[in-house]
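Letters A, B, C, D, E and F name the chains as they come in the text, with residue numbers starting at 1 for each one.
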Amino acid sequence: MSAVVTAVGIMTGLGLFFASVLAVAYRFLRVEEDPRYETVMELLPGTNCGACGEPGCGAFANQLLADSVEPGDCTVSSAGDRAEIAEFLGVDVGGGDARVARLRCGGAEGLVGRLAAYKGRGSCRAAAVVDGGGRACPWGCLGLGDCEDACDFDAIVMGADGLPHVIPEACVACSDCSDVCPLDLFVVEPVEQRLFVQCASPLEGSDARALCAVACDACGRCALDGPGESVRMVGGLPVIDWQGPDEPTVEATFRCPTGAIVWLEGAQFVVPEEDWEFEGRRRA
Amino acid sequence: MGDLLWIFVAAAVVNNFTLSWFLGLCPFLGVSGRLDTAFRMGLANIFVLLVTAVCAWFLNAFILPHAPYLRLIAFIVVIASVVQFVEMAIRKLSPALFEALGIFLPLITTNCAILGLALFQTNREYGFVESISFALGAGVGLTLALVLMAGVRVENELRDVPDVLEGAAMSFLVAGILSMAFMGFAGLFSGVA
Amino acid sequence: MAAPPTTVNEDFIRGLWKENPVFVQLLGLCPALAVTNSAINAVAMSAATAFVLCGSSVLVSSMRSIIPKQVRITTFIIVIATFVTVADFTLMALLPDVHKELGAFIALIVANCLILGRQEAFASRNTVGRALADAAGMSTGFGIALLMLGGIREILGSGSLFGVSLFGDSFEPWIIMILPPGGFLTIGLLLVVFARMERRKGGAS
Amino acid sequence: MSDLVLSHGPFVKDAATTPNIMRDVLIAALLVLGAATFHFGLTALAVTGAATVGAVGTEWWFTRKRPGGATTSDWSAALTGVLLGLTLPPALPLWMAFLGGVAAIGLGKLIFGGLGQNPFNPALVGRAFLQAAFPTAITTWTPPVDGSTWSTIPSSVFAAPLMHGEVDIMTSATPLGLAKFQGEGTELSNLFFGTTGGSLGETNALLLILLGLWLASRRAFDWRLPISTLVTVAVLSGALHLVLPDAVQPPSFMLLSGGLLLAAVFMVTDPVSTPTTAKGAWIFGIGVGALVVLIRAWGGLPEGVMYAILLMNAATPHIERYTQPRPFGGD
Amino acid sequence: MISLAGLRARARTFRQGIHPPEHKAPTAGLPIERAPFVDEYVLPLGQHIGAPSVAVVQPGDDVRRGDKLADPGGFVSVALHAPVAGRVTAIELRLHPSGRMVPSIVLRRDPWSSQQLAGEPTDPGTLDRDEALRLIQHGGLVGLGGAAFPSHVKLAVPEGKVVDEVVINGCECEPYLTCDHRVMVEEPAAVVRGTEILRLLLGGKRSWIGVELNKPDAIETLKTVAPSTVEVVGVEVKYPQGAEKMLLVALFGKEVPAGGLPLDLGILTNNVGTTAAIADLFDRGLPLVERVVTVTGAGVEYPRNLRVPIGTPVRTILEHCGLRPEADRVILGGPMMGAPQKSLDVPVLKGTSGLLCLPGAPEPTEFPCIRCARCVRACPMFLNPARLARLVRAERPDEAAEHHLMSCFECGSCSYVCPSGIPLVQWMRVGKQTLRAEAARAKAKAAAEAADAP
Amino acid sequence: MASSEPSSFKMLLTLGLAGMVSGLVLVGIYTVTAPRIERNRAEALDRAVYQVLPGAVRKETSEPNPEGDVVYAGYDAEDALLGYAIPAEGAGFQDTIRLLYGVNLERRRVVGMRVLESRETPGLGDKIFKDLDFVAEFDDLAIDPAIEAVPKGSAAEAWQVDAITGATISSKAIVRIINDGNERWLEELH
């Protein structure tokens, strides 16, 4: 019987003692914090497992509030909780207007001239500092796939035509590809903007066509055919105005002699079936 | 004195808490990805282990003889509360220290290394000074393991690690190699040779 | 708290493999590695863990409305620690040899992140039935993982399974498998194998 | 004029190539293997061969689908295999040596991405694996052979895979083991010319020194690494021997016994797993030397070179971090 | 006989660096010849570091040799002059040795005009500092040592700084090249005179001419004509001894602070060719319309040192020197730092010191970095090229910057020694370009924000 | 803010209650299991004591010495003192080894030894309790001048034991632990 008394005594004592200590601590040592903190903490698993790389759920919650991590970075919580956190904090879970990366070059292998054989490291960035690579068009894609490697979402596969093919469904518009491309060939645009110029060469006329069969030769027909001022010629290339009063239309592409201006209904380049499973060229 | 040294060395390297007792693996895997986080986590660990050693010794000496069946629950409640209290105190008194170490405290509070320390120290009937030496050794050992692991993992970001090995699998294999390397300390200072 | 709409059945199934606590969530690793140098230890450990996990989940879930949230964690810990002590004493009384083998790791179940994690993430937010299903699923998943680890380590490390010798006397045991490095290497290699299987599957579909 | 080729400059190039460096070191290692065969008989070839097959086979299997073909052609896997073989005892079952080769390359190298990326010395990872897996077999030493027994291979070597070796082989302790567990010394001349028990490649100090000098002159490695290791062991054991003659052996014995010289020439020098900075190389060597003395004098094991190197391998990223050279014009 | 001074000089060098084979023998003894005139010259408006020049001629204009074609496009920019007499046929995009197409003036030589080059001498003593700088800028002078940095900018010593020493860089450490060597041997007077003009302009105390010890004839010749204020010093034959930072270490034992200029040490450095051109500008009134180029390598039948009008197409020069059928690589500059070309239809620029033509391109083989540290031991800037390259490859340029990537001057020593054949210096370039692009982006963004702010 | 402020009273109540309930449960389980656990423990101890003191049928526990340690005196069927069973521990190869050994003071011999707890390497160090030949060496072993472990096969004197090949360190550790135990207790027991 005395054991029971001791046990219950000690336990109750301990419980009461620490509850009071904590209560006092709460009063006097409390540090003001973001009121949302509590709620977020509630939604996090509270395992303090450190799996997110942050030292515990509290730290993760703070990072969430500071907007430097995303709810999904907590791999332990359930999908539902993550969604709830995202909703509570009003952070975007990748919704918004769909945007996609597009290549300002259509110079597939065989269409663009080649001056010298590039025998160096298989990397666009490395080739770009070696006389800009061996292709005749100094503005065009080098085709060595740095963008493919940079895309964390496997949204780019290098096609047999030597150009990077973006899979629109996979692209999350992160811009990594455009950051890595030494020629700055990628632009990330809303999918809705369907008219696109896939050439970056400012050369005109036969000079342009001499380097690449599908170059924009600045003939200006697209600017004439597009409604109003929606397409203008600037520096040897058409510039499409999406903000202006006239909506650019597919007409602009009808008389393009080289196919440099295109109307995109899906992927910019058709990804051949066999390339879908392409494991990705690993850097040797 | 020699005993204290042996207790320290044994806990730090010979029977390293993480690499040969498998204690505290969750934070070991979680925060060993960045060097400075790992190091600070280690320091915070040393601190909590010391607090734990003192609490556990105190409980063992004064309270638990009356109720041995409360050992586990007393350990965990007391340690958790004390650490929480210390955390709050640090946060209030020294925001800088809190930034550096305090944020790690909740992660450590209830992990097995802490409780393991209390239990082992009880099983082995360590006195106060021995407990402190044991806790220091365990903490230094945890820090060492964390920091070495972080060194390898940080460099891994620059390696062409095969995809299937990214993440936890790699950490475990590296821990395995480290654990093999630490076997070199076996028998250190056991005075047999 | 709109928990994901799953059935009790799914609550159970999930823990077995898709959200396996050890291999997928990487929780409760310390016991998973420390006591799996033989299959029998793995089973004993899983049983003890299952008891604690299911017990506390049921209790926590049934009391979920009356616990103030500030002392939530502390209360959970008291509940868990109580169950662990019960398990500890019971084992000590009934199976002293097993208890000796597992040593302090029975007591360390208290610190198993898996258990507290399930209370926080699931039991404290769901009905008793679902909490039990979840706990049972997680426990089984934990058991599966421990048994895999313990089995592999015992077969290679001692040449036996559940103490039954498999290869005869002249087998040379791979001692490393029952030493600490073997624990790390085994789970590491298992994770690699799973990752490969995932990729195969992903690649094929 | 032929078509122009664009390639990376510079357009003059030093002649050394990675496969050539590996090949040089491999030649040196094979010379050590020759000496091992002389000392221990044909078993040296068998055991080292098995380790090498394990190493090269693993490398080939896992890299055979790479775009440029299997990476076995750079010689590094073969070198790892031979070096692993040289650290093994003469009577080790072949299947264990093979398994060691697999572990060395698989666990020690490929998981990190292959050549040049491994934080730990692969050969030593393989050996550490074997030592932890089969501690008895790997500490079973057979004595050197003489003319009549040269071609007899201990029967344990041919143990069936996964099975024990023959138990009743003739064993002999290593000089370090003798000193540690029996308090017996070994003639320095025996150490020097390799007529003692021990791992296959570690016994002939003279040959190792000569090969070290040759490789250093070929600039196969950074001379700071072996020098700092050996000097540290010498100085530390010299000083400690004066104070604690019972615990610490004299420098001459420390330097010439065990795997120290083999490691100093072939393993401490592995460029991949050691620091690249000059200061770092000194620190690495000093660390290895100090750990060797510590483990040999106060540890449970008679020899600590392997563990010392693995531990310092783990410390290498940190050493490098703190020994980055001051940039030109900076402070 | 080795003099005591010679022995001391032998010790003069910097730490680390490499010893590539020299390959200078084929041209070292060949006197400078004049390159034949050709029909068409292409003059890119951007030949130097800084803003491009602005054309002052129109297509159809006739020009005499030495007439100004373009004005400086800003302070860091110089004028451009007609290398031959003829007619401007176009101003259009043409392939530049950098691999890009840039606006260039195309000049068709008039075969009947006189190609006489004449001008009015100026006494530097009669000009104040600004007038002298203007003369140099409008004389089209840029550094001929490779970087093509506008010379007047270097001479415009900012308030508060003084130049005590003028150093003339005659090291020519690049293998194969001998143009500076020949200038020193054939025009020692111009070199020494240019040195004195520079010193007078800047009010410096002493001048030094540093020459690698593999050019004893140049050292001897210069010594015979040098006045007492000009010291000719031999320095060790080691690459990149000619980099000004390395030369200053060899001469004075001082390091130019990271990110700084020799000016921070009170020193001005110029190439010997530049120095001779300064002398020509002042004493003979000649703008920079031609330069000495070493045409060499196993890809040409007749290696030569040629005086080439700026803008001459590379193809015509190589054909003049007997381009061999097996030649497959053409490099503008030396083998270490030179730029490989994808086309022969690019012009010789003011900064072009050599045309290296090589046969038999090796199949590229690259092995993973084995951390052998040879690059670390070679880098004269004490960088860790292996790590920098990895960081750049892994798209972590910011960390590379923390490891002092921007200190790299692209000497190529690291690539030279790398046994794994890793194009280290290319990765350095990639990284530096990425960083510059990032900085430019950040600046543009800041500017845009500043514009938005009010 | 105020709403999220915890009500101290409710906190106290919950914790106090939880503590109480848990205390009750624990006391319950303890009361149920304690006798059984105690019995297990006592049986194990008896077993060990009788093993290291062959012939003993009854044991008595000594007064604790100043450090709080005890030894067990073993008596045979005639209730004559057979010797003492001494618990001792010390560093082994991996970790602390705990053992119990019996010593007959009259004959000044160790008469039995059992390892109670060790983490020595399986397959090597664990031979100190798995290798019965080795264990048997302690069945009759002189303690004067001191026990000594010598390489296998070379034990010639009554106080020498053959160390286990490949586990010399663990063997020596056993010997050292016993010697230390003797040093601590033998004076006192006389």
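What we mean here is this: a residue touches a chain if its C-beta (ideal position, glycine included) is under 8 Å from a C-beta of that chain, and two chains touch if they have at least 3 such contacts.
This is a predicted model, so every value here is computed, not measured.
Trainee: Taking contact as defined at the start, I'd like the list of chains shared as neighbours by subunit A and subunit E.
Mentor: B, D
Trainee: Which chains lie in contact with each of subunit B and subunit D?
Mentor: A, C, E, F
Trainee: Farthest chain from subunit E, going by mean C-alpha coordinates, please.
Mentor: Between subunit E and every other chain, the largest centroid distance is to F.
Trainee: Hey, which pair has more contacts between C-betas, D-E or A-B?
Mentor: Answer to which pair has more contacts is D-E.
Trainee: Taking the mean of the CA coordinates per chain, how far is subunit E from subunit F in Å?
Mentor: 84
Trainee: Could you tell me the distance, in whole angstrom, between the mean C-alpha positions of subunit A and subunit F?
Mentor: Between these chains, centre-to-centre, one finds 65 Å.
Trainee: How far is the middle of subunit A from the middle of subunit C, if each middle is the mean of its Cα atoms, in Å?
Mentor: Here the centre of subunit C sits 39 Å away from the centre of subunit A.
Trainee: Determine the centre-to-centre distance between subunit D and subunit F, using the mean Cα coordinates as centres, and give it in whole Å.
Mentor: Distance between chain centres, rounded to whole Å: 42 Å.
Trainee: For subunit D, what residues touch not just one other chain but two or more?
Mentor: Within subunit D, the residues that touch at least two other chains are 3-9, 107, 113-114, 117, 129, 132, 135, 181, 300.
Trainee: Show the residues in subunit E shared as contacts by 2 or more other chains, in ascending order.
Mentor: Residues 339-343, 361, 364, 368, 423, 426.
Trainee: Which subunit A residues reach two or more other chains?
Mentor: 3, 7, 10-11, 14-15, 18-19, 22, 26, 48-49, 51, 115-116, 119-121, 126, 130-131, 133-134, 282-284
Trainee: Can you give me every chain pair that touches, using the contact definition above?
Mentor: A-B, A-C, A-D, A-E, A-F, B-C, B-D, B-E, B-F, C-D, C-F, D-E, D-F
Trainee: Inside the complex, what are the residues of subunit B that reach subunit F?
Mentor: 6, 10, 14-15, 68-70, 73, 124, 186-187, 189-193
Trainee: Contact residues on subunit F for subunit D in the complex?
Mentor: 93, 121, 123-124, 151, 163, 165-166, 168-169
Trainee: Subunit E touches which residues of subunit B in the complex?
Mentor: On the subunit B side, the touching residues are 157-158, 160.
Trainee: Which residues of subunit B touch subunit C once you look at their complex with the stated criterion?
Mentor: Listed in rising order, the residues of subunit B that touch subunit C are 19-26, 29, 69, 72-73, 76-77, 80-81, 110-112, 114-116, 119-120, 123, 163-165, 167-173, 175-177, 179-180, 183.
Trainee: Provide the residue numbers of subunit A that touch subunit B in the complex, in ascending order.
Mentor: 3, 6-7, 10-11, 14-15, 18, 21-22, 25-26, 28-31, 48-53, 55-59, 282-283
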